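What follows is chain A paired twice: with chain B in the first complex and chain C in the second.
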Partner chain A sequence: MTAAAPPPPPTPPSPSSDPVSAASPPSAKAPPSRPRRNPRSASRRPVRAAAAALAVLGLAVLLVPPLAQLDQQLVELRSAGLPPSLEHPLGTDQVGRDVLLRSVYGLRVSFLVGLVAALASMVIGGLVGLVAGSLGGTPDRLLMRLVDGFTSVPHLLLGIFIVALFSPSPAAVVVSVGVTHWTTAARIVRSEVLSLRARPFVEAAISGGAGRGRVVRRHLLPHLAPHLLLATVLMVPHAVWHETALSFLGLGLPPHLASLGNMINDGQRSLLAGDWWSSLVPGLFILVPTLALGVLAQHWRDRLTPRLRSELFQ
Partner chain B sequence: MSPDPETASVLPDPATGRVLPDPATDRAGHGAEGDGVKRAAPAARPPRRPSDGLGRAIARMAAWRAAFAAPLLLAVTAGMFALAKASPFDPVRQYLGDRAVVTDPAVAERIRANWGLDRPVLEQYATWLGNLLRGDLGESRSLHLPVGQVIAERLPWTLLATSAAIVLMLAGSLVAGTVAARRRGSWLDRFITGGALANEAAPVFWLGLLAISVFSVRLGWLPAGGLTDAASATVELGDLAAHMVLPVTVLAVSQSSWLVLYVRESVSGVLREDFVTGARARGLRERTVLVRHALRSALLPFLTLLGARVPELVTGAILVETVFSWPGVASASVQAALAVDFPLLAALTLLGTLAVVGGNLLADIAYTIADPRVRTLGVG
Partner chain C sequence: MKPVPPPAAPRRTAVLEARDVTVRYGRQVVLDGVSLTVEPGRVTGLAGPSGCGKSTLARVLALMLRPSGGAVTVDGTAVRRWRQRAPRGLRTAVALLYQQPRLAVDPRLTLTEIIAEPLAAAGRADRGRVAALAAEAGLTGDLLGRRPHEVSDGQLQRACVARALSLEPRYLVCDEMTTMLDASTQAHLVAVVEAYRERSGAGVLAVSHDDALLVRWAHHRVRLGDPGDAAGPSDHADPGK
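Let's look at the complex of A and B:
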């Protein structure tokens, strides 16, 4: 983990970014750490743990809900507010629902909403980036101003504004996250398209008489796909975070849905009475997959860009 | 037959026939002027030029930012208004709440006419925008107070908490990041890096609840929320400080992950540079090398990054203020959203956008002051 220490997450270039800071990314001259240690064995352990955690959670999300669809909704006041025990490994909430079971179910709801929201933002951003990058000129400048404008409004605030004006529903959350988060994808796709357009094979296709549609379909999209895929994968935890935050504030999903944010919101009220499990356990179900995905993404980035890795481990 | 060193430079160079540039003559104003030797030009500038250029560079940047901010804010108001019009909620019904069922429709119509909701949409927007420009932010429908007053009462608390959090975040992450870079590969580094990664993945409201659970409920050291004790009628300094500890720390910690990782990467990169090796070779104390040499040059780009983090800070403030019932503007936006209070919510969204634009401008100004290269290269 230490040897594969990640560079700070790349901040999107703000309109204020200047040539000096852009020219000197700190990771570019990251030094070798201790030369004797084998970096691979050191960096493998967290990657394995992350993969295992994701696999367990994924299996749980896939297998548990169909078996216990009803149990997670079952209100049983006799067993309300129980601390963790053998029967309820992570306790029960204020109306007697099993926290572990409901968290797994909530993870599924939150993940689905987050996935759809991430896809929505990728589609919007991909289209904007593709149009801006391949048209160039005035449309490009206008669209990039739009991107700057959207990044200038704090995401959660704009998200709150959008969900507040529409009734709490999964659709409102998806719209709210999609509308606020497409800018990253737009920037990635645009810069990728700009660099692709200058490549010989695209120039050859254009001079060979290929139309705009054919160039996009045949030459640009296949190169953009991996970037978009990785961006989507990384966007999902962020979208889940947004769903959770909105639901926690009471603005996201309708309260009866077992989303992680709703559970934390419910559990918050009994926190002062010493009931830590019903609000903190659902949070772990956000933290663990997000962290695991972050570790894996870091690992993939190291593998996909050997240049960075070789500089880290010379 | 070697020439006198005093006069050598004004004699024509035997090879080219040109007069070699000399700093002394350059300063007098006529050295490299006529002969096209450009490399002497920088030395010819009068010494007070940098501060002169600094003021102008900042003014130009502020003007550039304002030129960008005005249409942006206008677009944000238009967008908000369009969203409000598309909303399925009827503001009058929302305002009446339970009373909507028993209220005389004529009264409801009167309220509607009072608020100008029966007029064409564009006219409503023009009226609202005109009031906004004149400083009249409207009346909060949920708090029954002028929006301006709500903001004036709550903004100081938000500023207090966020600025304290920023100071704490900077101090904490500089120390943690430098320590991790200094002891790269050690268990301490692994702990700090791992902690920063986990912290990045933890939602800030979860962190806040965790802090309440540990420090308020279990240990009973600190109050769980609010500005003062429920029993006290006035704001006392000690009481306020005790109530600030948890929200400020949680906000600072939640914002610090990227900074810790950034400082660590940056400092450990700089520690490999020649001038650090040179400073060590000269026998300077390790602390001097770290603070005066490494940290100083590692921190330059981070000013811009800090300005770009304002949106995250606003997001963090919204969640932290809500968790700890801190009476600031950020938690007011949540209350306004829950009550579908458009005037208050719109004003606060604008305020958040202003904060982002202002943060970017401040970062640029700080950068211009810190790095002379930006001045000459120009920004924008």
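Let's look at the complex of A and C:
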């Protein structure tokens, strides 16, 4: 619904409104209108915009909560459902809470949960891939069938099942996303380990007397790190979407906690009453950082690959 | 460079030996019942057309490839486990030099770290020893801080030679060690290996398709047959040379 929605309202004067006004450019600026002088700098424009958007959002997430000291349980029914105004730059929700302020809080919670969940899935997947790739043979086959098994179940369904075992809490979401999303990392790491193990420099290290641990530590992990880092970065928005989906279904974070999923869930109920802002704004808060991270991740991958290629085939 | 006369005939057991080695890649038979002996203090030349399995035999002798049949013994010790599972002492007794130094070094490490690797893995890293090895292989000190992409193939192969010599292996398997290099670097690297052989009495297996080099370098030559040829190698069986 966010893709077809109108752009955010005109820039309000409040200092805490910076995230949205600065965050919208990446999608709006992507097709450059000015004549290109240098194709290199033109191709960098979306990257710069994405980095700027992430920096602004990151600063907002870091600085706003300590300054605002928002009581998440506080409601003010007198100012319920107000459209954007000077006092509430992006309006208020049905119980009078400031949408912009809550969105920043929601972004903080969602990305924290997303980051931890992404890291958890990378650690699990990395270990499985490393073991499968470096041992080979039967352990490899067993682990890969396990991966196939996990992949064959729709992971939202499995996630819901796992979350249902716990009460709604950030930890439950982390476990749910971590347990369902490690398979990608396992596949990436395994294939990379297999290709590394066949390369002569790893053989040279083995021939030089390096033990298993040393080969992994010194020759495999440093080469895997960029791939894992990239996979983690790409996994963060995905994990946020899952957190959002679970919260939207009422299974994720507790309802009083300002998470983006909770806010969209709350907001959609008042959508028919003309209150578009209370679900559009948190939606944009998901969309913009996701797009920005995607642009940055692609940029890093492009930078990473030619360098590796030139090292290999000089 | 003339072949240096070999020392007195060694005891028969103190050799690196492959007996009836068979290697298959899938259904493709690469080596079929090949036997080869590398004696200490001598240079054994292994010749043959490209694709005949020279490098495969070299990897088998360096314990880096498990053959599907046959036996390998290192100084009388039969090899039962291969690659990572082979005992450290056996793995490091046979050093392997590769044709392409670019692929044989970790691109992230500096030359110093590359040379120091086997020493560090053995738990006795020693900067002085690394510098001495580098000097022995003809690397100047300013190169040692560089990474592989900042040096030439020849310089990189010198680092590989220094690395191979660092643990004083009893056998050196040089798999087309000088094929990618210019004549002067080639001569120098062969001289470095020769100096080590004379000093330590190590056995050298020189694998090359360059017969002229093997004629000058090796004490005796073995020719591996054409691909699919079931016949094992025989001494001086190359009518072309």
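The working rule: the second predicted complex is superposed on the first by the 260 of 314 C-alpha atoms of A that agree within 3 Å, B and C clash if a C-alpha of one lies under 4 Å from a C-alpha of the other, contacts with A are read in each partner's own complex, and residues count from 1 in each chain.
The rule we apply is simple: a contact is a pair of C-beta atoms (placed from the backbone, for glycine too) under 8 Å apart; a residue touches a chain by one contact, two chains touch by 3 or more.
Because the structure is a prediction, the values reported are computed rather than measured.
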Contacts of A:His223 with chain B and chain C, given as first, second, both or neither: second
Touching partner for A:Val153 - first (chain B), second (chain C), both, neither: first
First (chain B), second (chain C), both or neither touched by A:Pro200: second
Partner chain in contact with A:Val215 - chain B first, chain C second, else both or neither: second
Touch count on chain A, higher of chain B and chain C: B
Complex contact set, residues of chain A against chain C: 199-201, 203-212, 214-215, 218-219, 222-223, 310-312, 314
Partner chain A, residues of chain C touching it in the complex: 59, 62-64, 83-84, 88, 91-92, 94-96, 98, 100, 102-108, 117-118, 121-122, 148-149, 160, 163, 166-167
Touching residues (chain side chain A, partner chain B) in the complex: 1-3, 5-9, 11-12, 14-21, 24, 26-31, 33-34, 37, 148-149, 151-158, 160-167, 237, 241, 244-245, 248-251, 264, 268, 271-272, 274, 276, 279-280, 283, 286-288, 290-291, 294-295
Chain B to chain A touching residues, read off their complex: 68, 72, 75-76, 80, 83-84, 86-89, 184-185, 189-190, 193-194, 197-198, 200-203, 205-206, 209-210, 212-213, 216-218, 224, 258, 261-262, 264-266, 268-269, 271-272, 298, 300-301, 304-305, 307-311, 314-315, 318-319, 322-323, 333-334, 336-338, 340, 342, 345-346, 348-349, 352-353, 355-357, 360, 363-364, 367, 371, 373-374, 377, 379
